[in-house]
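Look for chain A in each of the two complexes below; its partner is chain B in the first and chain C in the second.
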Partner chain A sequence: MSTVLSGEFWAFVGVVAGIYTIFGLGVQVQFGYTGLLNFGHVAFMAIGAYTMAILTVKTGIGMWAAAVIAIGVSILAGLLLGLPTLRLRADYFAITTIAFSEIVRYVALNEDRLTGGSQGTINLAGAGAAAQYDESWQRFQTRAQAWLHLGSKDVTMLVLVWSAALVLLVLLHLAVRSPWGRVLRSIREDEDAAASLGKNVFSYKLQSLAVGAVLGAVAGLFYAWQFSFFSPDDFAPLVTFFAYTIVILGGTARTWAVPVGAILFGVIYAGTRFFDFPPFSYFDSADRAYLRLAVIGVILIALMAFRPQGLFGKRDEMVLE
Partner chain B sequence: MFLQLLANGLVAGSVIAIAAVGVSLVYEILRIVNFAHGDYLTFGAFVGVAANVRYGERMLVATIVAIVATALLALVLEFALWRPMRRRGAGFMSLFITSIGLALLLRHVLFLVAGAEPRSYAVDPFKVYVVGSVRLGGSQGAAIVVGAVAIVLVGLLLARTALGRKMRALADDRALASIAGVNVDRVVVYTWLLAGALAGLAGVLQGLVQASFTPNTGFQLLLPIFAAVVLGGIGSAYGALVGGLLLGVAMELSTWEELAGGVNPVYKPVVAFVLLIGVLLVRPQGLLGKERLL
Partner chain C sequence: MTLLEVRGLTRSFGGVRAVDEASFDVAAGSITALIGPNGAGKSTLFNIVSGFLRAERGTVRFAGRAMQRRTPHRIARAGLVRTFQTPRALTKLSVLENVLLAAPHHPGERLGRVFATPRAVRSHEAAAEREARRLLELVRLDRHADEYAGTLSGGERKLLDFARVLMTEPRLILLDEPMAGVNPTLGGQLLEHILELREERGVAFLLIEHDLDLVMRASDTVVVMNEGRILTVGTPDEVRRDERVVDAYLGAQG
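Moving on, here comes the complex of A and B:
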């Protein structure tokens, strides 16, 4: 059976889309609702994944406890990032957050003894010992598979990731329709107006950043569990921009648009693998990988030219008249 | 040792500074955060290598060819991409995502055309200039001189010429400049030509200084370039020049052993980012930025 029709392959695409949904929800809260241009979102993913893996391998506290602590640490990181930088104007804030995510990545890359360095988590327990952080997850996944009578591990992962994504989606949907969410949107529209009504703008922005940090960390945890291995390269700034692309593909300030954007992005990203017809078939496989990314570039440009508001967004939020 | 590191820093810093002025002008005049600017640099570096290695031109000729070609690339993209996007009323985020798409497109077309293997210019790798206690490789020596000349010329262009004044006026207040009779479309074209030319030069210099480069080289330089723009103060082209030099020098000097043992060289980019965040905490508008913009 060719890969195009393989259920396993599309289950994999679905899992990655689910992880990106959770990740993109963080961008939606921060950027879509609050208007914060956090371009360092991938840092929270890295902090979540690394904290969980490091604590599991290096201490005896168990993976689930480590995962909870990882979410806590990412909240702290969000506050630490926000306290000094939220005073800055939007474009300055944006570059500072990229700098933050790059600092996190460089530390992961170079502090070999803490993070395993460039070789990734396999090196967490030192050279010569292949470190594993996800035994508890594997056991849990096997039990879930038996209990739900599912056919394969991939499908089980698909169900688990999307269950988590849907729960978070519903929670977020309720949160942004609450008075809290309305304050966030009023800050995006007019900070001064929100402040004049007695809202503590700074505190709300910080809360938005922290909520986004939690979502980033959860996405990081699932990323770590899905791949059983990761390295600093997995947390390059490009990942953040993929998340922004997903949010804008779906439509900003629309919670339900995030999974749609993530699935669409996943299909475009994975689907371009199957360009085996002319003119693409004239290239060899290494070149076709470059061609794929070039085509994704063209698709992004075309989208921005012809439908800048994404599928469900409001046009006037993306267009200047 | 101090002087050596300072010289290395000036080499790295002038490449960043030259590219950062272009990013700063494009941002201020067109409101585009051009994520593809690093790939303009790469394009210049590869045009240079084609002229220098494939067609055997002297390095000087190759550099000029690269500058012209990259300026033309920027011009073509203005007419084929950015102007139509503006006509459609594209907002800040649309333009930003567009530039991400453009960056992916340019970089991977370069990968397709030129391949992934590292390239180098046909220069003598053993040539060394010795000035006092400072030793600079031939490429580095050339880079420091060309970089200094370019920085002075750009500074003069912005400060003294009619075009420079129009650019700064547009950057400062677009509406005011256009009712005062500045032809916006024409200045935009010159802005792209200048930004492209500087990107081409910076790309060749980076290729020379690094000894070898790949289609990823420009993109890897993009974040330090952005950091330089912000450090100097958005809205100030001079700030971008200062920011670039300062970042380059700070990154190199941080490894100086007498400075509390020095930082591990792998953390040089982190030094740049920490410096950026530190400066913004004290001066939220950047070094030369105007306070009223905040």
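Moving on, here comes the complex of A and C:
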């Protein structure tokens, strides 16, 4: 099959990896640096994507303004989630966050008139009238393509996603290396010790959650722009665990490990479907699509057994207590 | 002048009064020892004063301000800072970072300032690092500054906790068994530092300690607790002569 060799396909894999980089950075700041087990991270992605799409289609405001508001709404959702739950013990917090992301998904599924329901955003403007929220994005992308002298739309998208990912990566890198990031890490290690030294643990956890919410929402925006139509199914809890896989694959508390983990994940996830050589060729393409989940599982297990610190984590840190 | 004023603190766990109507004062710039047999309620009292536990009744005033409803971090910021019985080294941070974390009023701990005023953050960080290295020298941990705190021994972690607490520029330090697990030579040095800090900066200490020799030598006031209550408060000499104290430690006869 020629798919494996087509630039278009690999550009697509790259775009997915870029979106997952932005998404995974959110898990990195919350889990890798602050120690918050947010298992509902996908909710921020859903809120970012849906808010932008709904506002663009249903109100007169432009897509860019809608995107900014979407990020704001995601931050608010983060605060709403954090205020009652961050005082809970870590395991209870984790359970609550899964529930939170499922609530968001079920609202999207059942509030037909607001979200388009199970059919997704194609149904946003009601039956019979195909809704479009990404006209401004398409125009922007065409202009960017001409300006950058790029050959195809896919490559343009690749450049745009990764530009955003790298800017966010650098900003986050500066943030976590600052004294602010030091406080986050101290909370991950021992929040009582941090409090005894005058650090407002609750406030920093909220900030971490909010920063993660921004990254989740931006990932959601790019997701919406890449796929034009999306539905509640796209925001199942599994997506959150993909981000955890990426962070663990790359190494926790390492910002630069996220894009590497995301690229590896993208190749494994999107790539395996089209791997048409043995042993993959023994399965038909539909089975191969499921096989990739098994492959990811096996990689995670092997990683935990042989390299628990991930590709870029420090082994030393794993054995300290 | 009274720095810390504890009045009628009461806290029970499942019907047992761990702290029962406890009242005592700590004078500014003094060294006050809190002693008593195991289970007397000393650590519970520490936890209440530092805000980690709520009292059912009673008040804690520090420098004239009520503390009993405040959260631990606000009490620490007011200048009342504690250490823990088992030291709480942040193992995956370097020894230096452990101390830097305790720097008070650090603009770099505000995310907005990190990007808005990077130069102010850098210069504050540089000053904090000089102070942190000086404190690490004081407790003889400067050689380990760049190692993970998790590589330190138990005794060294006590010293790290001590350096970290000093970094917060406290007015009163609550030390929970600072000498336990520290070798005697280092313990002696730690005591010297405590006396020095009191002389030079007027820092007050309230410490739980089982080494009675040391308590009697170093402290100005001794508070004796037994079964949740304050048995007596006095100078080391007065406490030594008090028969109730001997009874509490050795068990009352008949």
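In the analysis below, the second predicted complex is superposed on the first by the 308 of 321 C-alpha atoms of A that agree within 3 Å, B and C clash if a C-alpha of one lies under 4 Å from a C-alpha of the other, contacts with A are read in each partner's own complex, and residues count from 1 in each chain.
Assume a residue touches a chain if its C-beta (ideal position, glycine included) is under 8 Å from a C-beta of that chain, and two chains touch if they have at least 3 such contacts.
Because the structure is predicted, anything quoted here is derived from the model rather than measured.
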Partner chain(s) touched by A:L264 [first = chain B, second = chain C, both, neither]: neither
Touched partner set for A:W180, first chain B, second chain C, both or neither: second
Contacts of A:Y244 with chain B and chain C, given as first, second, both or neither: first
Partner chain in contact with A:P308 - chain B first, chain C second, else both or neither: first
Chain B versus chain C as contact partner of A:L300, first or second or both or neither: first
Which superposed partner A:P84 touches (first chain B, second chain C, both, neither): first
Which of chain B and chain C A:A217 touches, first, second, both or neither: neither
Of chain C and chain B, partner touching more chain A residues: B
Touched partner set for A:Y106, first chain B, second chain C, both or neither: first
On chain A, the residue positions that both chain B and chain C contact, one per complex: 317, 320-321
Touching residues on chain B, where the partner in the complex is chain A: 33, 35, 81, 84-85, 88-91, 93-95, 97-98, 100-109, 111-112, 116, 223, 226-227, 229-230, 234, 264, 266-267, 269-270, 273-274, 276-277, 280-281, 284-286, 293-294
Interfacial residue positions of chain C with respect to chain A in the complex: 50, 52, 71-73, 76-77, 81-84, 88, 90-93, 97, 100-104, 106, 108-111, 114-115, 121, 125, 148, 150-151, 164-165, 168
In the complex with chain B, residue positions of chain A that touch it: 84-85, 87-89, 91-92, 94-96, 98-100, 102-103, 106-107, 109-110, 237, 241, 244-245, 248, 252, 283, 286-287, 290-294, 296-301, 303-305, 308, 317-321
Residue ranges of chain A touching chain C (in the complex, touch as defined): 171, 174-175, 178-180, 182-183, 185-186, 188-190, 192-201, 207, 211, 316-317, 320-321
